[in-house]
Amino acid sequence: MADLAADQGELLKTSDGRPLKEALAQAQSKAKWRAFMLVLPLLSFILITFAWPIAQVLHQSVYNPRFSENMPQIGEWFRTHPNGTEPDEAAYTALVNDLVSAGAARTVAVAGERVNYEMPGTRSLFTKAGRDAKKLEPPFKDSLVALDKDWGSPELWGVMRRVSSAYTGDFYLAAIDLERDANGAIRQVPENERVYVNLFVRTFVLSAAITVICLIIGFPVAFLLSSLPMRYSSLLMIMVLLPFWTSLLVRTTAWMVLLQSQGVINSILVWTGIISDDQRLVMINNLMGSVIAMTHILLPFMILPLFSVMKPIPPSYVRAARSLGATSWTAFRRVYLPQTIPGIGAGGLLVFILSVGYYITPALVGGASGQLISNLIAFHVTKSNNWSLAAALATILLASILLLYWLYDKLVGIDKLKLG
Amino acid sequence: MALPIYASPLERVWHYTFRVICGLILLFLIAPILIVIPLSFNAEPYFTFTQKMLSFDPTGYSLRWYDLLLTHPNVPTNVPRDAAWWSIVWKDAAWVNAAKNSIIIGFFATITATFLGTLAALGLSRPEMPYRRAIMAILISPMIVPLIIITLGLFFFYSSIGINKWGVPYLGVILAHATLGIPFVIITVTATLSGFDHSLTRASASLGASPSTTFFKVIMPLILPGMISGALFAFVTSFDEVVVVLFVGANDEQTIPRQMWNGIREAISPAILSVATILVIFSVSLLATIELLRRRSERLRGISPS
Amino acid sequence: MKKLLVLSTALTAVSFAAQADVTVMSWGGAYTKSQVEAYHKPFTAATGINVISVDSDNPAPQVKTQVEAGNVSIDVADVEYADAIRLCDEGMLEPIGMDALPAGADGTPAADDFLPGAVTDCAVSTIVFSTVYGYDNTKFTGDKPTTMADFFDTTKFPGKRGMRKGAKANLEMALMADGVPAADVYAKLGTPEGVDEAFAKLDTIKKDVIWWEAGAQPPQLLADGEVAMTTAYNGRLFSAAVSEGKPFTTVWDGQVYEYDLFVIPKGAPNKDQALEFVKFATSTQALADQAKWISYGPARKSSGALVGMFNDGKTEMGPYMPTSAENLKNALASSYEFWVDHDGELNDRFNSWLAAN
């Protein structure tokens, strides 16, 4: 190419004598740079207040220094002795030293808690030993085991070896109801302790159900709105947009008022004699409460994208199909419906993504059976203080959302997102 | 959608059934919001219509729950309502303080989101913008990622930098709310810019205007409706947000939604419904503003209302 | 832009309260109100230090979260006994100790004046409270529930039940309902079979239970007719029944009582004022005053003598106290030793039990 250009000799040049191609490229990169500079402040803002915190969640899900920081000597022993070494007197000495210093610093319970995640019931072993370790006499192996025979258990030593490293994937195992046995092999937790897989399944099934319900009841409304003349449709549109603009808590409260057993719906049913006073329906504090309230809250997110896709579809297509002999059902199914698929995809994904992450509404109206994965993440942050498990659950949830988001971007295009 | 004359009887029946179904769905959407309004005037502490309310007996209605908003928790009720009383209300009433906090947080979060968001939208809508789609996806993602995950991240992040010790009240919540509001600003402003006729800026430049003059005199008036509706979205997002406030807000940073959350979990007295009513009226006025802006924007850009 | 600046300064100006107030986190509702009346207001009057009251479902986990995150904003928290011990073990509390506390009004030294065990290294008891159950009189026209077993009997007494979302007190109640004598409950719960038995008993009513978290919820659930019976803190039922005239009856059979304590989180921003507050609030007079507002027994012997009427001037408090002889007939003292050790695992078990359908 270069040779060819040289052969031609005469290149197009700008007035100041530079080759046009070069000048153009320069101008373009300048324009590029200028456009990028406009975006840069926001991009850095988002990186700090959004991307970095999420990175911290990822980090927390594999990092838990509660044991390793407070029990350094035994950690050292584990590092110098390969897996399978029988704990010797040196190991017990290191352990007792750690227990004494952690006991004095009042951090032994923190270390014990980390072990307790893997092996329930061991927290008190540590707190007790933390109180009594300073009175122990060598040989420590015998005296510590005399304090509590559990200190000799190979399972405990196996767990301590694992938690002595601050980085671990164990919380991901816990987040999908798996654990390690004494030999480190992965197995399912006992049946009465399985929580998270069920909860993930419930969250996704519930979200799918809400998405389908929203589609079924949103489609006719979007269709009606798109086919009515402007002056009626904008009036009806208000009925869709007003809920959209109303506070989430107001809407949740409204449903509590409607659904509770002394609430509006039950009172009307009793008053009209459809049910008797002691047969009041239970519609709240259970799964049903979550489904009803979330469907109501998310319905506008289905109707609006459907509407924006249906609006530009010319009615003449269906008329043409009819005139060619199609029944109204065939015309709808073969001609109209396929054109609305982008709207169905956009609305469906949006509703699904939003409902998977719901927290407030299930917490208020869901009772025990209507709780979703977000509620459990919140529980582990504020109540059980198992932050790493909360982070692992959040990461799994995040990964599935990002997958859907990517899908949304591929199918719909994120820049096509419209509001109101 | 008038019924065509060739419609069969079955289609006629379906046509009207369809309208009834749609009517019921729209009722499902709107009724729960409207129902709280009359109930907030209930004279009794119940969540259902009393006999007196149904027979429109004036004694069945009262403003006691609105009054409670001014007096809860420690404002004296049995004193004359003079200026001194109002100043106590302003200082001590929990709901009034929550409203103040909500407005302060919403205000600063909106300013931040709108400023940064508009700037970025201007960049994003330039055809030369590199990696446009990827960057857009990142900037929109705060809207997609579940709040609880963002909150968890902010919880770790803010504790690691000790933001509460910086002595700037509300800072953590404001930054978080600005982040949540940004996608809305980006979306509305880029939507306004998508119909933007770039020959206008060239015309302005060729007439000798400097880039800043072009921005303030030509671009700004055209995208202003988009900016304002983006700002309103951002404000509403902040005004309605409770998860972040619950987890990272300081104890005295009670906002209206947080106060509602506490109230709902403890005792949903009709006082909650009177707050709800006020918020519904608030959203109606916001909705009206947005609609007016949209029409104005379309008129300015020469698009006939669709 | 200038207008904006003016507006923003104005907005910021209105929001700053004076600093160095004491922030007290407690359980909300009628209980916090009783503390405000008996502790906070007199404390502010005496010292000029403002008290900010913050509500919580249970302050202990929040103390832990804040201390671990290095982001403490609470000066004083009101926690249960087992949590006070655990937090103290974990080094998350400022030590207080008996020596810091004033003698009783009658001159008895603090060590003798407080009930046994009421003061620990890091915590000072204020009251004795109890988890009991109560029912709505109007729901049961014939037989009324009288025993713990009745609570678990949904055929004899149909209707929804309210219970606290957590293992503590529920497991004890389940065992007592199953016929385990109060004295043997903790020995039994210490064995895997005992835990299984308790959960099996809970299983029998699981589908009828609405779980509450905040102490103010159960009286509300009863009042709304969402449940026919619910476990609750005795003072909350008392407030609803006596001050609000609700038709609720408290059943004392199988009550589980324990201390409630004030603690100061490690790194509390106003530690000195917090200690002043704790000293003031656990003084003879303050504890006695609290009993005018809610039916919890004071943790000082010298206060017991001063307890009289409820603030309506006509209700004798004695019969409503968890510690009155009549109410102690079949009662269980909550064992902090047990819960300090088993809280984590039993709550894990409880949560998986709850999540499983």
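Worth a mention:
Note that the chains are named A, B and C in the order they appear, and that numbering of residues resets to 1 at the start of each chain.
In this section, a contact is a pair of C-beta atoms (placed from the backbone, for glycine too) under 8 Å apart; a residue touches a chain by one contact, two chains touch by 3 or more.
Quick caveat: nothing in here was measured; it's all calculated off a predicted structure.
Across B-C and A-B, the chain pair carrying more C-beta contacts is A-B. Distance between Cα centroids is largest for the pairing of chain B with C.
One simple way to say how far apart two chains are is to compare their mean CA positions; for chain A and chain C this gives 33 Å. Computed from the mean C-alpha positions, the centre of chain B lies at a distance of 37 Å from the centre of chain C.
Chain A and chain B have centres, each the mean of its CA atoms, that are 23 Å apart.
Chain C has residues 224 in contact with two or more other chains.
Shared interface positions of chain B, i.e. residues touching 2 or more other chains, are given as 47, 155, 265, 268. Looking at chain A, one finds that residues 260, 262, 381-382 touch two or more other chains. Those residues of chain C that touch chain B in the complex are listed here as 4, 7-8, 11-12, 14-17, 23, 25, 28-29, 36, 52, 54-55, 57, 69-71, 73-74, 213-214, 216-217, 220, 224.
Listed in rising order, the residues of chain A touching chain B in the complex are 28, 31-32, 34-39, 41-43, 45-46, 49-57, 60, 217-218, 220-221, 224, 227-228, 230, 236, 238-243, 245-258, 260, 262-264, 267, 296, 299-300, 311, 315, 319, 322, 328, 353, 356-360, 364, 374, 377-378, 381-382, 387, 390-391, 394, 397-398, 401-402, 405, 409, 414-415, 417-420.
Partner chain C is touched in their complex by these residues of chain B: 47, 74, 100-101, 103-104, 107-108, 111, 155, 158-159, 162, 164-165, 169-170, 250-252, 262, 265-268.
Chain B contributes residues 1, 4, 6-7, 11, 18-19, 21-22, 25-26, 28-30, 32-33, 35-36, 39, 46-49, 112, 116-117, 119-120, 122-124, 126, 128-130, 132-133, 135-142, 144-150, 152-157, 160, 175-176, 178-179, 182, 184, 187-188, 190-191, 229, 233, 236, 239-240, 242-243, 247, 257, 260-261, 264-265, 268, 272-273, 275-276, 279-280, 283-284, 286-287, 290, 294, 305-306 to its touches with chain A in the complex.
Residues 105-110, 113, 116, 120-121, 123-124, 127, 130, 192-195, 198-199, 260-262, 280, 282, 284-285, 367-369, 371, 376, 379, 381-385 of chain A are the ones touching chain C in the complex.
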